[in-house]
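Each chain gets a letter, A, B, C and D, in the order it is written, and its residues are counted from 1.
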Amino acid sequence: MPDPMKIRATVQGDVADVRVLMAHPMETGQRKQGGKVVPLHFIQSITAQLNGKTVFRADISQAISRNPVFAFKVKGAKAGDKITVTWKDNKGESRTDETTVRGGS
Amino acid sequence: MRRALMLSLAAAIAAAAPWSPAKAQTEDPVAADFDKFRAIMEQANPAELFEVKGEQLWKTPRGPKKTSLEKCDLGLGPGVVKGAYAQMPRYFADVDRVMDAEARIVHCMITLQGFKYEDLAKRPFSSATKTPDPVSITTYVAAQSAGMKLAPSQSHPKEKEAYETGKAIFFYRAGAYDFSCASCHGVDNQRIRTQPLPNFTKPEQAIRAVQGWPGYRMTGGVMHTLQWRLNDCFRQQRFPEPDYASETLSALLTYLTANAQGQEYKGLGIKR
Amino acid sequence: MHYTRRSVLKGVWAVGALASAVTAGLLSPARALAAWNKDAFGAKSAIDAMRALGVANAEDTKAIEIRAPEIAENGAVVPIDITSNIPSTTAISVFIEKNPFPYVGTFDFSQGAMPYVHLRVKIGESSPVRVVVAAGGKHYTTAKEVKVTIGGCGG
Amino acid sequence: MRKIATAATLAAGVAALAACAAMQSTPRDRALALMQRDFHAEGIAGMDRLKEDAVQAACNKYDDKPPADVAARLQKEQAATLKFPTDGKLLGNWKSGEKIAQRGRGMTWRDKPHKTSRGEPNGGGCYNCHQIGPDTTSFGTIGPSLYNFGKLRGYGRDIQRYAYAKIYNAKAYSACSQMPRFGHIDALTEDQIKDLVALLMDPKSPVNR
């Protein structure tokens, strides 16, 4: 079971700033360990929803850094809204986590 | 005769010194750029993933004794995590010695949970495939001191003694390369390759020994604590290897942290 | 793990996500159904990847801001902020021209998401970072050079 | 042999140390006793590396500023260790020298004698501390710039010998220099030092162009 993501969503005015941290090795298929090549293992797609509506979607490659970090902004959000993020990797594993949008300072 | 000639020639060369050492400026634009982007990255630091894991490990009954670490005394009373990291290393009466945060956590894992030191010390540092539990737990504990002033206690005689011992370790030149910690960290405005080398003997720079640790290291994408940092310094000093969570390292950390007394600890960092 | 149950759930997730995105009219059905573009991700040059994505005709623009270090401290983690100032931007694609597989990915924005993304990438050697923006059925591009230094003390 | 410090042995160690501390109370003595107990040999880095030799002892004692007579004696002793190439040649290949100057690995836990853990020859790590060639901007500043080394000093044999000797044993010139004694400790071979001399002294080397 993949480790949980850490998602932070803070709203300033009506724009939510969403930052997502994902625990994933993002193996390029080029790294060697103990003389053996570690097979390609990376997140391929990401979907983020605000209260169930898809707002952000990405298809990515193994060139994204290990333990990926993404940030995006959504207009029309307010404190208490739900942000759900799902990733899926090339081995078919996936992980979904959710957070509540917090009011900004 | 020839040697004498050569030596005097060398002296002449040194005296004439037609070159000027290229000193690293504090406003080195490259270093400033690194700092700027590191600050951006710290706003969403993968280190937080290990903090989450560490919190889980702290609160879950584990080990042969199936207990959590919630009775672990980090110096502020059993179970008090907030602010504890900023006040370590400190003296602990139950072991009659000074301990740094990770040494204390390891001590709690041994005494409260029944883990064995030998097992914890076998592979104490993170690799591409594994982050040892004490690393995640230390990360969690440290994060609960973010924004606080460093205040390692220096009131107990053993704490003062640890400071002086740590200082002597810091300045001790030995090993294949004749290095001490001070070879790299005892002078102002030096850098190794492009990395600035703070002078840890000065209060305003000593903070940089502690700041940013535990830190997420971009190289390899792994989480490391000060235990790793000191271990790697001794490796590069070409010394033998210091034992994990040993009193030597607690003493050295006492010296470094007490030199930074009163400065703000900003929490988890990102390192090259 | 309950393998079958998991895969059914995953199937539901995938179909659900696609269906909602398409019905919302945010992704063209072609792009949505193309899923993960194997040809583009497998391309060995940025231009081949752009062809595979059908964006090779992108025109140069100054309306895309790329914020990235001039010199990356560590090529394993290079932070990049991209903002498109082109109206009706729906997607941002990123290419590291000198990487063995230059195409890094495409980010789609819908339902109020602003045309901005922060990502962190691996860059093997100094390289232009190329960005292609899809807006109003057309494509626009710009690039910024990022230098990667050699490692530190290497003890 | 790895010394394991369990809670029990730690306590015992502390007790022993307390006894020690009563006898030898200086911070230095405590530091040495602690390090002796808390370090273990790892690969080629044996516990002997914690012991000071004459130079290290004097530099530690005098805080890197030994009195003139002590410094002179040490420098003389260190100069006596210098071994110049038996074939009389001092200039190797500057291109190999550049690689040695760039690389910094060797002499630590997982390395082998004369070889790094990756099977490469040891590096000199010169760029860690010195500016050398014009194309490498990521150089350290612990040592002086060596750019234009030959151009500024001339290409004569005496300067070649000086460069060779300085790399072989910098303490022959300055007792408490921060520079490792690469030849003396057998970190770099005779041929490698020749290549580094060529990097600094060959008129064709980028250092002098």
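In this text, contacts are C-beta pairs under 8 Å (C-beta built on N, C-alpha and C of every residue); 3 or more make two chains touch, one makes a residue touch a chain.
As the structure is a computational prediction, the values presented were derived from the model and not from experiment.
Among the remaining chains, those touching chain A as well as chain C are B. The chains in contact with chain A as well as with chain B are C.
Looking at B-D alongside B-C, one finds more C-beta pairs in contact between the chains of B-D.
Chain B and chain D, compared by their mean Cα positions, are separated by 24 Å. Centroids built from CA atoms put chain C at 38 Å from chain B. In this assembly, the C-alpha centroid of chain A lies 47 Å from the C-alpha centroid of chain D. Contact of a single residue of chain A with at least two other chains is seen at positions 19, 65-66, 69, 71. Counting partner chains per residue, chain D shows two or more touched chains at residues 108, 128, 138, 140. The multi-chain contact residues of chain C, meaning those touching 2 or more other chains, are 76-77, 118, 120, 149-150, 153, 155. Interface residues of chain B facing chain D in the complex, by the touch rule stated above, are 3, 5-7, 9-11, 13-14, 17-24, 95-97, 107, 110-111, 116-118, 121, 161, 164-169, 171-180, 183-184, 187, 189-194, 197, 234-236, 238-243, 245-249, 251.
Residues of chain B touching chain A in their complex: 41, 43-46, 48-49, 52-53, 128-129, 216, 218, 220-221. Against chain B, the residues of chain C that register as touching in their complex are 69-74, 76-77, 79, 81, 118, 120, 149-153, 155.
On the chain B side of its complex with chain C, the touching residues are 30, 33-34, 36-38, 40-41, 44, 192-195, 218-221, 235-236, 270, 272.
Looking at the complex, you find that chain C touches chain A at residues 7, 10, 13-14, 17, 20-21, 24, 26-27, 35-37, 41, 76-78, 96, 99, 101, 103-114, 116-122.
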